[in-house]
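Take a look at the structures below.
Two complexes are shown next, each including chain A; its partner changes from chain B in the first to chain C in the second.
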Partner chain A sequence: MSFVSLGFLLFLLILFVLYYALPRRFQWVLLLAGSLVFYAFASPKYLIYIAVTALSTWFAGKLIHDAYAARDAYIKDTPDITKEDKKACKEQAKKKGRRILVCCLILNLGILAVCKYTDFAIGTINSLFGTDIAFLRFALPMGISFYTFQSMGYIIDVSRGKYQAELNPAKFALFVTFFPQLVQGPISRFDQLSQTLYSEHEFEAQKITQGAWRAMWGFFKKMVVADRLVPVVTGIACNPDKYAGGYVLALVFFYTIQLYADFTGGIDITIGVAKMFGVDLAENFDRPFFSKNITEFWRRWHITMGTWFKDYIFYPVSVSKWMLKVSKWSRAKLGPQLGKRVPVYLSTILVWLATGIWHGASWNFVVWGLLNCLVIIISQELEPLYAKFHEKCAFSNTKGWDVFQMFRTFWLMAFLRVLDVYRNVPLTFRMVPTIFSSKGWSEMFSGGMLKFGLEERDYIIVAVAIVIFLIVGILQGKKPVAEQLAEKPLVPRYLIVWVLIIVILVFGAYGIGFDATQFIYNQF
Partner chain B sequence: MKKRIVKIVICVVLLAATLFLLQKLLVPKYATTNEEGILSSEYYANAGNNDVLFIGDCEVYTNFSPVKLWRDYGITSYIRGTPQQLTWQSYYLLEDTLRYETPKVVVFNVLAMKYAEPQNEAYNRLTLDGMKWSRTKLDAVKASMTDEETVASYIFPLLRFHSRWNELSSEDINYLFRTEKLSHNGYLMRVDAKPAGQVPDPVPLPDYTIGHKCWEYLDKIRETCEQKGIKLVLIKAPSLYPAWYDQWDKQVVEYAAKYGLEYINFYTLADETGIDYNTDTYDAGLHLNLSGAEKLSAWFGKYLKEKCGVEDRRSDAALAAEWAEREEFYEFMKEAQYKQLREEGAVTRYK
Partner chain C sequence: MEELMEILTGIRPDVDFENCTTLIDDKILDSFDIISIITELNSEMDVTVPADQIIPENFNSAKALWAMVEKLQDE
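== the complex of A and B ==
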């Protein structure tokens, strides 16, 4: 069931009415039932995958909980326990917890790996060794990367003793399957989400209204902008022999806008819908294109994924015994300055490799991840040079310089993302340089851009939408726009909402004549 | 609280009114382009008092003239025909008609039996959008939808036609709240002629079996007529093409014989009806022009009177007055088209 369908709106309406009509204590049960129905619409057979993840993770959490509880009980019930015994007991429980954790990780990451990466591995083997192993073409369950990472984050935290395991399997299943976040995240943390997810919610008109506005804003981004740009992006990307030069630059730009509108729009719908049920989800974006450098961009874009990699890969790897040895070695061999950066960079490379692979089972994502990493490392290495530049150049503290940095970051990210669209590394590296040739430029501006099924008016709509994104982004800097809107008098407030609804209905790229497209991040 | 509810109601009403107006603006008006789209909705203003109902595709709404039937035989009739009207759509239009009147004779043109599955969204729209909302329309929509269509887009056509903002014209403003009569009890007049030249050879088909869904709905048409005491007549209009294969014809003949129905293939009766494919068709053999339609109606009126016992109702003063108006409009359109022919050399609009 796509978010952008009448079926979803009907589903939402029914669930919403029941949610506030039922006794409060059943609200979370209804959300679980609704989430399972929502998931079953994608395909009932996918329920098995998510059920295995939910149940195995819950069970692992319970086993860890029992092991830790037994440890605590033993220590408590043994008043004359020696320090050594206490340490040994803790160590034993920790080892048991770690074994359970490893089993759970292997099972669930194994499912993810088999479903998502088997054909990638086969393709790589075939091209490396000239074999002809047939692709297995496993179905990719909806949101598998998101719910697996969310579940694995939970079990790691439980094994670390960050919080208690959830002992109610149904409640835990709701944490894994909560329907708004199944499509494309955000990747929630149990300690943050569980409180709001399981608690009883009164009918709060203001919160519900703000949730609806947020969702509408998401529909605007997705339906009016992202889906409108699909023909031009696919038209250029799928015909590289025909569209080079200027068209590639157009592709870089429009794909970035499409991806932004698609992903942030989807998250707006997710957060808005969750809010209508009283549930607060973590923000996944913080005006990413207002970032002045790529490191800042990645702090503002897909925040929950970034923090997941930081907490569960970067930090553990950085402080691992192996990395400490590397650190020691590099300091000795390369000196204290460079030597201390080596382990950080190695962890960073690992994180970006994982980020690339998480995004998709193909080499373009791996290269994309590593290129991001390269830019970040180069930026950090050039930091002293930047500092000197800022000292000497007065204009580097002006607003104009800030705007230039944002502009530069936008294009840098846009060019890296072009690997997503061509999905072929050599082709991408062949096409991007053609921008600097004369190919396609004159044709582009003499009707070439109208060949993809978009008319001039469509481009005007996109241009106006980009201006609106900018204005909303600037306003968002002060406080959430929904809150600002709520403070406005009734007439302008509803006029804005009214216009938004009309714009979505009239200018939305939906229905016959438009290709209904799934959210881009739903594929990841 | 009361004040709050009033505010919410006002907001909802304003939004609904805006959406209604937007929908009115964006749906096609079928006034100067794709005029056939208006045929389906025109019926409701003329419902009742029709002894003969024609159902079928373009082969009925271009080939029979109800005004001629009235003039020559005093037969009241209506054509519920739309472009590429599929068999099940004909059934539902019959069912829809029966909500307003019960004719004595139903005439079904069998050409659409070559289509066993939903065909084309655009044609579906031309047939279904004009129908008034009822259970019948909902069933017609469900039976007709192609994979890309949704029931919701028929309930709220704005969902289908929202992208027409890009092609709005003065027609959309001029016909926002009004329509102009186009047909003559469902007959779409064309006075110009284009002689039939070389008719394309029929392409051999791998399978000539008429589809199950067509038979299913023909059964429904037949059973409905039987229940209501209506005589059902099957016809095949006298078009030269698209091809009506002998193999199809044979199956219809067998069906008619099995259920004791009349089946008239007008193509085989060209001598009797007097159709001349050099003068009586406006598009080289696909559809008849006014001359052809009047010839065919003259022949068929006699048949309806003699074989089906349809009465002459010209003595009914009220009815005669109604039909006098229709005759006047008929003559007006005829003259308008002949004028176009004289002055512009071609018929480019109906009026």
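== the complex of A and C ==
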């Protein structure tokens, strides 16, 4: 069931009415039932995958809980316990917890790996060794990367003793399957989400209205901008022999706008819908294109994935026994300044390799991840030079310089992302340099851009939308726009809301013959 | 605490560890420094800092770091 469908709106309406009509204590049960229905609509056969992840993770959590509870009870019931015994008891429970954790990780990451990466591995083997192994084409359950990472974050936290395991399997199943976040995240943390997910919620008109506004803003981004740009992006990317030079620059630009509108729009719908049910989800974006460098960009884009990798890969790898040895060795051999970089850069490379692979089972994503890593490491190494530059050049502290840095970051990220659309590394590296040739430029500006099914008015709509994104972004810097809107007098407030609704209805890319496209991040 | 101060000043001699309480919040320590501190704690004081202890509250000041070291030594 796509967010952008009448079926979804009907589903939402029924669930919403029941949610506030039923006794409050049944609200979470209804959310679970609704989430399962939502998932079953994607395809009933996918339910088994998410059920295995939910049940195995719940069971592992319970086993760890039992082991830790037994440890605590033993220590409590043994008043004359020595310090050594206490330490040994804790170590034993920790080891047991770790064994359960490893089994759970192997099972669930194994399912993810088999579903998502088997054909990638077969394709790589075939091309390397000239074999002809048939592709297995496993089903890729909706949101598998998102719910697997969310569940694995939970079980790691439980094993670390960060919080108690959820002992109710149905409640835990709701944490894994909560329908708004199944499509493309955010990757929630149990301790944060559970605070509002299982609570009883009164009908709070203000919160519900703000949630609906947020969702509408998401529909605007998705339907008016992202889906409008699909024909031009696919048209150029799928015909590299026909469209080179200027067209490639257009592709770089329009794909970035499409991706931004699609992913942030989808998250706006997700967070808005959850808010309508009283549930607070983590923010996944913080005005990413206002970033002045790529490191800052990655702190503000897909935040929940970035923090997941930081907490569960970067730091554990950086402080692992093996890495501590590497760190000690490199500091002794290379000196403290150079040596201290080795463990951090090794962990950074690993994180970006994982980030690339997480995005998709193909080499273009691996290369994309590693290129991001390279740019980050180069920026880090050039930091002292930047500091000198800021000291010596007064203009580098002006607003104009800030805008230049944002512009530079936008284009840098846009060029890296073009690997997504061509989905072929050699082709991408062949096409991008053609921008600097004369190919396509004159044709582009003499009607070439109107060949993809987009008219002049479509480009004007996109241009106006980009200006609106910028204005909203600037306003968001102060506080959430929905809150600012709520403070406005009744007439301008509802004038803005109705204009938004009319714009979606009039300019939204939908209707007979139009196939609402899947969210881009849904495939990741 | 003295041993810890030696480790800290050895890694970042330019930082006032005696008085600063915003080492992470003010981005005075970066990830290189944090990993270096953890490596030194491990080799000099035999303290293993698990990943879940790498939070700003534990690294914002020398005092907070010392509290974390004592807690980990106790466990």
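We adopt the following convention: the second predicted complex is superposed on the first by the 522 of 524 C-alpha atoms of A that agree within 3 Å, B and C clash if a C-alpha of one lies under 4 Å from a C-alpha of the other, contacts with A are read in each partner's own complex, and residues count from 1 in each chain.
What we mean here is this: contacts are C-beta pairs under 8 Å (C-beta built on N, C-alpha and C of every residue); 3 or more make two chains touch, one makes a residue touch a chain.
All values reported here derive from a predicted model rather than from experimental measurement.
Once chain A is used to superpose the two complexes, chain B occupies space next to chain C without a clash. In the superposition on chain A, A:21 makes contact with neither chain B nor chain C. In the superposition on chain A, contact of A:385 is made with neither chain B nor chain C.
Taking the C-alpha centre of chain A as the apex, the lines running to the C-alpha centres of chain B and chain C meet at 170 degrees, rounded to a multiple of 10. In the superposition on chain A, A:134 makes contact with neither chain B nor chain C.
By the touch criterion stated above, A:316 is placed in contact with chain C alone, chain B being left untouched.
Within the superposed three-chain model, A:394 lies out of touch with both chain B and chain C [touch as defined at top].
Legend: residue contacts after superposition of the two complexes on their common chain; A:498 is shown touching chain B, with no touch to chain C.
Closest CA pair between chain B and chain C after superposition: 46 Å apart. No residue of chain A lies in contact with both chain B in one complex and chain C in the other. Chain A makes touch with chain C in their complex at residues 87, 90, 157, 160, 162, 311, 315-316, 318-319, 323-324, 327-328, 331, 336, 340-341, 343-344.
Contacts from chain C toward chain A in the complex involve residues 10-11, 31-33, 35-36, 38-39, 42-43, 48-52, 54, 75. Here chain A touches chain B in the complex through residues 6, 455, 457, 490, 494, 498, 501-502, 505-514, going by the rule given at the top. By the touch criterion stated above, chain B contacts chain A in their complex at residues 7, 11, 14-15, 18-19, 22, 26, 121, 148-150, 152-153, 158-160, 162-163, 165-166.
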